[in-house]
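Got a structure for you, questions after.
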Amino acid sequence: MDALKITPELLLFGAAAGLAAIAAVGVVAFNNAIRSALCLVVNFFVLAFLYFTLNAEMLGVTQIVVYTGAIMVLFLFVIMLLNLGSPEALEEKRDWKRPAGLAIGALFFATIGSQILMPLMKITTVSSRDDFGGPQAIGRTLFSQYAFPFEAVSVLLLIGIVGSILLAKRRMS
Amino acid sequence: MLSMLVLLPIIAGIVLGLAPIKKAPVAAAIGIFVSLVTLGIGLAILAGFQADSAQLQLTERFSWIASLGIDYHLAVDGLSIWLVVLTGLLSAIAVGYGALNITSDLKRFMACVLMLEGAILGSFLSLDLVLFFTFFELTLLPMWVMITTWGGPNRAKAAVKFVAFTFGGSVFMLIGIFALAYLHFNTTGRWSFDVIDIQGTVANGTLWAKFPEAQSWIFWFFAVAFLVKAPCFPLHGWISDTYAESPIVGPILSSAMVKLGSYGLLRFCLPLFPEAVKANASLLAGLAVVGIVYGAMIAAVQKDIRRLLAYSTVSHMGFVLLGIFSLTHIGMVGGALQQISHGVGAALLFLLVGYLIKRKGTADLREFGGLKASLPILSTMFLIGMLGSVGLPGLNGFVGEFLSLLGAFQAGYIHVVVAAFGVVVAAVYLLYMFQQVFYGPSREEGAAVKDLRAPEFVLAGILLALVVIGGLQPNLFTKQTEASLGAVRGMVLEEVNRRPVYGKFPAPKPKPTMQVVG
Amino acid sequence: MNGVPLAGYLGLALFMFSTGVVGVLVRRNPIVIFMCIELMLNAVNLTFVAFARYRVQALPDDPVLAQSQTMAGQMMVVFVMAVAAAEVAVGLGIIMAIYRLRHNIDIDDMNILKG
Amino acid sequence: MDSSAIWIVIALPILGFLVQSLGGGLIVKAVGEAKSKSILGFLAVAPIALAFIIGAMITTKVGAGPATVVTGPSWIQIAGFSIPFEWIVDPLSMTMVLIITGIGSLIHLYATGYMAKEKDYARFFTYLNLFIAAMLILVLGNNLALLFMGWEGVGLCSYLLIGFWYKDTANARAANKAFIVNRIGDWGLVLGLFLIVCVVLDVVPKETRLLSYDVILPALKTALVAKPALATSIGLLLFVGAAGKSAQFPLYVWLPDAMAGPTPVSALIHAATMVTSGVVLLNRMHVVFECSPVASVVVACVGAFTALYGALIAFGQTDIKKILAYSTVSQLGFMFIGCGVGAYWTGMFHVTTHAFFKALLFLGAGAVIHAMAHDQDVRNYGGLSKYLKITFATMLVGFLAIAGFPFLSGFFSKESILGAALSGNQAVIDGVNYGAICGWVGLAVAFLTAAYMTRMMLLTFGGKTERWRTIEPNHDAHGDHHGLDKDHKPHEVGATMWVPLAVLAVLSAVGGLVLNGKFEEWLYPQGLAVLPKVAEHASNLQMYSMIVAFGGMAFGAAIYWRGLPASQGWDETKWSSIRLAQRDQFGFDSLTTDLSVTGGAELSKFLDSTVEHTVTSGRALASATSGAGGVMKFLQTGFVRWYAMVMLIGVVAFIGYFALAIHGGAN
Amino acid sequence: MDAFNFPIPSIEVAAVLPMAIVALTGVLALVTEILKKKKTNDRVITVTLVGLIVAAISLGLQLAEPRIDTLNDMVIRDRFSVCTQLFIVISAAIAVLFSDGYLREKRISFGEFYPLITWASVGAMMMTATTNLLIVFLGVEVLSVALYVLAGLSRREEKSEESAMKYFLLGAFASGFLLYGIAMVYGATGSLNLESIAGVWVRHDPTQQGLILMGVALLLIGLGFKSSLVPFHQWTPDVYQGAPTNVTAFMATGAKVGAFAALYRFLDSVTALGSIVLPLLCTVAVLTIVVGNVAALKQQDIKRILGYSSISHAGYVLVAMIVNFKSLANGMDTVLWYLISYVVMSMGAFAVVSFIASSGKESTKLADLNGLAKRSPFLAWSLLIFMLSLAGFPPTAGFWGKAFILRDAYVHGYLWLAVVIALNSIVSVFYYYKIAAAAFVSTDQERFPKMSKGLVGACTICVAAILGGFVFFQPIISFLGSR
C-alpha cells in the first residue's frame, strides 16, 4: 500500500475508470435499449483510451474501429430495425430476479476481488517493453506464432457470414 | 457341444426373428424343431456326463478380450447339468404351449423363447464372469419383449419392473465382477475373469489375505444380483407383476430362469467368498426362512392365480436358499434338488393355469369354481401338481424341501422351526387355490368348458411324469450333482490350503461329514 | 502509465464484468443482454491487456519467451474481437429471426421449452 | 408265506388304485355306467381282501424274534444319508395290516352298496384304494420317512374323500381344514425326525440309514437314556404329529368336520385306521417316551383331557356322525392314556377293538342315514328299530361294546388301559402320579361314554315317536337321493351293506374275549426297552368298570327313554347353556378358527397391503425418485434468465469453494 | 524491435491435415451448394461425406503415431486427439448421412447445413487437439457459433428459434466466464498454455495462487457448460428439444466429444491442484448423474429425455476422468471407449427419432413413436438396441463403457462413485425403457414418412458398431492405439 502515490497518471486513470464504470452501469440500468447501447459505446471508447494508457496502441485503435465502429453500429441498427428503441417496446419488470441478480453479482465481485485484487495491489510497475503494443509487434506475432488461430478465425468468420445470411434471409425453405 | 447348445437357440432365434416367414405353422415347426434338438443335445450331454466327478466337463475356452483376460469359457459340471436339461425341457414345453396357444406373431414369439433359452443356457454354462454376466443380462431382453408383446393389460409396468429389479441387482454384481478381477490382478499380476482362475487364488488364500475387507461387500454385490433373481425376500418385488402380466410362457420359462439366482450363489458366491459366506450364511438362511413364510402368507391372500403362484415361487425358492446356506451336504443337495423340483412343478402348475385361463378367460380366483366336473383330467393333473408343490412325500416337492430343512436343522439353524411352518401355510394357499378353482358349485354359464386336448395333455403329462418320478426316485437328479456340491462345500468350509480347486480335482468323493456347522 | 496499480485495471475490469453479469440476469431484452455479454468480453480484454503490460517479468529471463508471453495477452484480445464480431453477426441474426417469427423478443416470453 | 410277500400286500392296493384311476373311465365307457359299477366294485374290494389274506398268512409266520426287514430299492440316496424302500414285518405292523386290510375290505364291500348311486364311483374307489396303500406304507415302512410318506398319503386321501362331494363348498372347506390341521401336526413330526437324525448321527456316525427303525431305535436308546431333556424334546415333537393325526386336543378340530365325507370313509379313515396312526407312531417310538417321563405325562394327560372333552361334547351333538366323531376323539384319548402310562400295547389293543366297534357304529349310522335319505340329524330319527332290524341289531352290539358292557370287546380294552393307568407308575413327575389321575378321569369318561352312546341309540332307534314323519324332508346337497316322503318307509339296507355289519358285530362282541391279555406278549415279547413292565390290572377295576358302564347306560336311558327332551329339540333357544356349550365345543373350534384363519388372513392382507405393496415392490422408492424428478422438472422453468441465474449461483459456488479452499489447506 | 521477430513456427502438416480437410470440405460444400442447380442436396452431401471420410482416413492413419506438438505448440497430435477427432468426424458423418431425409421431411432446404456442420466439427476438433487456451477458446466459439446457427435452422418453428436464442445467450454468457478464466491463468502464468499451470502452482506465490484458483474455477465453469455439467446444464434439455433432430444429434455427440476432450486436457493439467479440485469435481459428477437421471424420469418428450440422459452420461464421463485424475493417460481407454460408444448409440437414437418428422411436422412426444415397430421393425429394434446400450446392458458397446468406468472407480478407490453410478443406472432403465417401449406400442396410424437410405445406413452403422463393439472390443481398442 505504501507504494501507492497519488500521481497525475493515477488521477487520469481514476477519472477514466470512473467514466467507464458509470457507462457500464448505464448499460444495465437504462430501460431504453438505445441508451444502453450509447452507454456501451462510451464504455468502449474509454476502454480504447485505457488501452492507449497501457501502451497497447494497436488494440486501442482496433477497439474503436471494430467495437465502436462496427459492432455497436450493428447493435443500434438492429435495435432501430426491430423498433425496440422506445421504452414501451419492451417494458422491464421489476421482479425478485433484480435484487437476486444484484446480490449474486455482488457476491461474485467480492469473491473474485478478494482473490485477485488483494494480492496484486502492490504491483504498480509495468514489465513489458513500451513498444509491445505497436502494429509492428502485433503484426509480426499474428502472422508467425499465431498463424493457426488466425486461420481458425477465418473459419469462424465464415460461419458468422453464412450463419447470419441463413438466419436473416427471407426464403425460409 | 456346449457352444452348440447355447448358440443354436440364440442363432435360430435371431434368424427366425429376421426371416420373412409369414405362415405361423412354419414358424411353429421351426421353433419346435430347434427346441427339441436343443433338448436332445442337453440330454446327450446328460447321458455322457460323468456322474461321480466334480470335474468341469466338455470345457470350451477361447480368448475373447486378451488384454483383460476375458475368455469365452463354457463348461458343465454337476451344478449345472440338470439345470441345463431343465431349461431345455421347459423351453420345449414353452414352445409347444406357444404353438398351441399364441395366435399373434407366432414367429417372433418362437424367436423370443429360443433366445431366452439360449441366454439361460449360456448363463448356466459360462465360467467367465463377464460372459456369464452377458448371458445373465441377455435373459432380460426376450423376456421383456415377451411381456410387452403378449402380456396383460398392465404389461408396461410389469416389464419395466422386471427389468429394473433384475438390472438393479446385476449392476452391483458388475461392480463386484470388475472389483474381484482387479483384486485377482493385483494378487497375481494377471487379468482374469475366469471363475477357475479366481477360485484358485481364493482357495490358496492369497486373494483375501491381501484384501480381507473387500470380501464382504463384493460378496454382497454378487449376492444381491442372485437374490433378486432367486427371488429372495425382500428383493422379490418383480415376480408378482411379471408372472401376472406376462403370457403364461413367461412363468414357465422363468421357472428355469429364477434358478439362475440359486445357481449363481452356488457357482460364484460360495467358492469365491468363503469367509463372507460363512459369516453371512445364518443371515441369508434367515432371509430364506422369512421368504418361505412371507411368500406363503402373501400368496394366501392373492386373487390372481398367477400372482398366487408367483409368491409360491418366492416361498419355494426360499427352501433352495435355505438348503444352500445350511452349508451342510444334505442341505445343499436338498437345495439343488429343490431347484429342479420347483422348476418342473411350478412349470407344470403354470402350464395348467395357462390351460385354465385359456378356457375361462380370466385368472381371477373368484371367477372360478366347480370346474372339477367338466375338467376331470385337468383337475387331476392340477391336483397332482399342486400336491407336489405342497410337498407331499412321493412327489418331487417333498424331497428337496425335506433335505433342505434337514440340512438347515443340522447346521443348527433355529429358524428351521419357522421354515417348517411355511409348509403348513403352503398347504393353506395351495388348497385354497384348488378349492376355488375346482370345488364348489359350478359357475359355468352356457357351454361347458372342454377338457384337455391331446397335445395339451402330452405337454402337461411329461412334466407330471417328472413330478412323480422326481418324488419316487430323486437319486436320478441328485447323483450327478453331489460331487460338485461336495466340492463347493469344501471350497467354503475347508481350511485355506485344503480347499478343492477347480481344475485340480483328484476329486475326493465328497465326504459324508455331517458335523453341525455354525 | 507508471504509478497506476495493476489492481486498478483489474478492479475496473472486474466491475465491468460483474455489471455485465448482473445485466444478463436482470434484463429482458435479448439485445441488451447481448450487450451486457459484450461488456463482459471487453472487461476480459482489459484484463488481458493489463496483464500483458504488467505481469510478464515474473517469468524466466528468456527475452524471446518473455516477449512471446507479452504478446499472448494482446493476441487474445485480437481474437476475442474477431470472435465477438462473428458472435454479433449470428446473435443478431437469431434475434432477427425470432422477431420475424413472433414479433416479440421478450426473453421472458420464451419458454415453450421447459420442464 | 414269506415275509417278502409283504411287497404283494402293498402292491395290491396300489394296483387297485391304478386300475381304478387309469382304467375306471375306460371301463365305464366300455360297459356302461350301470354295469361298470359291479366290475369296479369287485376290482376295488378284491385287492384289499386278497391283501388281507396274504397279510394273515404272513402274520402266522411272525414270531417273537427280531423284526424282519424287507429291503427294496432306495428312495433317497445321497452321501451320508439314505432312505431305502424297506418294510418291517413285525407284530405291530402286521396287527395294523390286518386291521387295515380286514376292516378295509369290509368297508370297501359296504361302500359298493352305499355308493351305488354315486356317479363318480371309480373316483371314490381310487381314493379308497390309495388310502389303503398309503396306510400300509405308513405302518409297514421301516423308517420314519416312509412312515411320513404314508402319513401324508393318508392325509391326502382323507382330504380327497372328505371333499368327495366337492360341489358343496362346505365339504371342500372341511377337507382343507383336515389337511391343514394335520400339516400342523406334521410340522412337529418333521422336526422330531430332524432331531432324531441329529441324535442318531452322534451315536452312529458311519450310518447312513438315519431314519430306519433298526438303526434308530437302539441308537436312541443309547443316546436318550441319559438325556431325558432331549428325549422330551423329541417325544413332544413326535406327539405333536401324533396329536394332529389322531385328533388330540387341540388339534382335534378337523375330525368332526371330516364327517362331511361319505360314511364309509368316516368308518374306515376317521374311525378305524388313519386316526389311530398316532398310536402306532407312539408304539414305534416308545423308546423315546420311555426315556422321558415328561413327554409320557403330557401324552397321558392330553389323552385324558381329550377323552373327557370329546365325551362331553358328544352330548351336545345332534348329527349322528358328529356324535360318533366326538366319540372317536374321546376313544383316541383313551388310547393315548394307555401309551402315556407306558402300556403301549393297551393302546394298540384299544385301537383294535375300537376299529371293530367304531367301524361297526359308523357303518350302522351309514345304513341309518342311507335309509333316512341322507338326513343325519338324530332329532329327525326315532323308532327306527322297527324298520331297520339288522342295522339295529348289529349297532346294538357295537353300542354295548363301546359302552363297556362286560365281556364285549370295549370292556376289555378299556379296562386294560385304565388298569395300566391306575396301577402303573411310569407317568410320574416329582412324585405326582399323573397316570393314575388320568386313569380316574378315564373311568369317568367311561361313564359318559355309556351315557352319550345310550342317548344316540335311543334317539335313533328307541321311542315310539317317529319324528321323521313330521319333519320337512331334507333335500341333500348332492341330490343323488330322493327326499324321504311322509309315506315312505325307511328301508333296510342290502346285503353288501349288512354283511360287513354282521361281521363287525361278531368281531366287536368276541374280539375282546379272544384278544384280552395277548397284546403285551404279542407286541412286546422282550418287554419295554427301558422301563419295567406295567401291570394291566388294578384291583376292583373290573367292578368299577361295570358300575360306570351300567351307570352310564342307566343315566342315558333315564333321560332319553321316552324320546327327545324338549331341552334338546329343534328350538335351540331353549337349550341349556351347558348343552349349547357342548354343541359348540365350548367355543374352542370357533375361537381357534377365528384366531388362526381370520387372524392369519388379516395379517397376510396387512402385509400384502403395506410391506408388499409399498416396500418390496419398490413403490415407495420409485415414487420418491419420481417426486425428485418432479422437483427438477419444476426447476427447469424454461426462462433464460433463470438458467443464467442458476449458472451464476453455480459460478459463485465454484469460486467461493476455491476461495475457501486456498485458505483451508491448499496443496 | 528484433525481439518481435518470432520465427515462423514449424508446421507438421499431418497434425493439422484432418482439421484442414474438414474445413475445406465445408468450403467446398458451400461452393457446391451455391452452384447447385437442382433442388436436391445430393451433391453437397456427396462432397461432405467424401471429405469427412478422407479426413477420417487421414486420422486413421495417424492412430498409432507418436505425439507431435506443432504450430507454436498450439496443435497437439497424440493418441487422444486423433481418437477424439476421429469420433467427431464419425459423428458428423453419420449426422450428415441421415440428415437429407430428415431435412426434406422437415421442409428445410438449407444446403448450408452441411458446411456448417463440418465447420462445427472443425471447432470440436480444435478443442481436442490443443492445450493452448486460445485455441480452446476459438474451438469452443467455432463449434458454438455454428451450432447457434444450426439450432435455429428450422426457421418456421418457434421452438427451434427459441432453442437457438437460449443456446446463444447462455453459451455466450458461459464463454465470458471461460474467457475470464483464461485471463486469470494468463495473469498468473503469463502463458496461454494449460501445461504452465502446474509449474506455477508449485511455487506457492500468493500473487499467483489466487489467480490460478480463480482461473481454474472459471475455466471449469466454461467447459462445464459445454459438457453440460450440473449446475450449468439447464440449457441442454431445452436446446436438444428445440433444435432440429439432426443438429441435436451432433450436439449430443460430436460437440460433446469436443467438450469432453477439452475438459480432459484441462483436468490433465491441474493434477497438481488435485486435493482442491477433486472434492468439487466429485460433487459435480454426482449431481450431474443424479440430476440427469432423475429429471429424465418425468419427461414426455423423447429428445428431452435424451437431453437429460446426455447430462447423466456427462456425469459418467466425468467420473471416468475423476477416478483417473492422478494419471489421466491410464484411464484414456475408458474415456475413449465411453465417448465412442456414446457417440454411436446416441447418434443412432437421434437418427431413429428423426424418423418421426413427416411432411414438415415433427412432434417428439413419446406417443409419437407409437407404431414404429409396425412401420419399420428395423428402426424399432435398432432403437431398442440403442437404449440397451445407453443403459449399459450387454451385449452392447455401452456395456464395456460402463463396466470400465465402474472398474476404474473401484480400482482408484472411488467405490462410492461406482455405487452412485450403479444406483443411477437403475433409475435410467425406467426412462430408456419408456422410449423403447413407446416404439413397440402398436397403432394403425401411418404417420411415418418414407424411409430414406441415409437413415437406414446410419442406423445400420450404429447398430453394427454397438453390437460389434461388444464382441470385437479387443481389436477395436487395439486399433485405437491402446497399449
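Letters A, B, C, D and E mark the chains as written, and numbering starts fresh at 1 in each.
Heads up, the rule we're going with is that contacts are C-beta pairs under 8 Å (C-beta built on N, C-alpha and C of every residue); 3 or more make two chains touch, one makes a residue touch a chain.
The shown structure was predicted, so the numbers you read here are calculated from the model rather than taken from an experiment.
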Field: Shortest chain-hopping distance from subunit A out to subunit B
entry: 2
Task: Please find the path from subunit D to subunit E through touching chains that uses the fewest steps, and give that number.
output: 1
Query: By label order, what chains touch subunit B and subunit E together?
result: D
- line: Taking each chain's centre as the mean of its CA atoms, the one lying farthest from the centre of subunit B is chain A
Field: Contact pairs, highest-scoring chain pair
entry: A-C
Message: Farthest chain from subunit C, going by mean C-alpha coordinates, please.
response: D
Query: So which chain ends up in the middle if you average the CA atoms?
result: B
- request: Give, as an integer number of Å, the spacing between the C-alpha centres of subunit D and subunit A.
  value: 100
Query: In whole angstrom, how far does the Cα centroid of subunit A sit from the Cα centroid of subunit E?
result: 31
- line: Distance between the CA centroids of subunit A and subunit C (whole Å) is 6
Task: Provide the C-alpha centroid distance between subunit B and subunit D, rounded to the nearest whole angstrom.
output: 37
Query: Which residues belonging to subunit A are in contact with no fewer than two other chains?
result: 97, 100-101, 104-105, 108, 112, 115-116, 120, 123, 129, 137, 141, 145-146, 149, 153, 156, 159-160, 163, 166-167
- request: Name the residues of subunit D that each touch 2 or more other chains.
  value: 633, 636, 638, 640-642, 644-645, 648-649, 651, 655, 658-659, 662
- request: Please set out, as single numbers or ranges, the residues of subunit B touching at least two other chains.
  value: 164
Message: Can you give me every chain pair that touches, using the contact definition above?
response: A-C, A-D, A-E, B-D, B-E, C-D, C-E, D-E
Message: So in the complex, the part of subunit C that touches subunit D is made up of which residues?
response: 21, 24-26, 28, 33, 107-108, 110-115
Complex contacts: residues of subunit D adjacent to subunit C: 633, 636-641, 644-645, 648
Query: For subunit A, which residues are in contact with subunit D within the complex?
result: 97, 100-101, 104-105, 107-108, 111-112, 114-115
Task: Would you pull the subunit D residues touching subunit B in the complex into a rising list?
output: 74-81, 145, 148-149, 151-153, 156, 159, 163, 166-169, 171-173, 175-176, 179-180, 183-184, 186-187, 190-191, 193-195, 197-198, 201, 205, 208, 600-601, 603-605, 607-608, 611-612, 615-618
Query: Residues of subunit E touching subunit C in their complex?
result: 3-4, 6, 134, 137-138, 141, 145, 148-149, 152, 155-156, 158-159, 161-166, 168-169, 172-173, 175-176, 179-180, 182-184, 186-187, 189-192, 205, 207-208, 237-239, 241-242, 298-299, 304
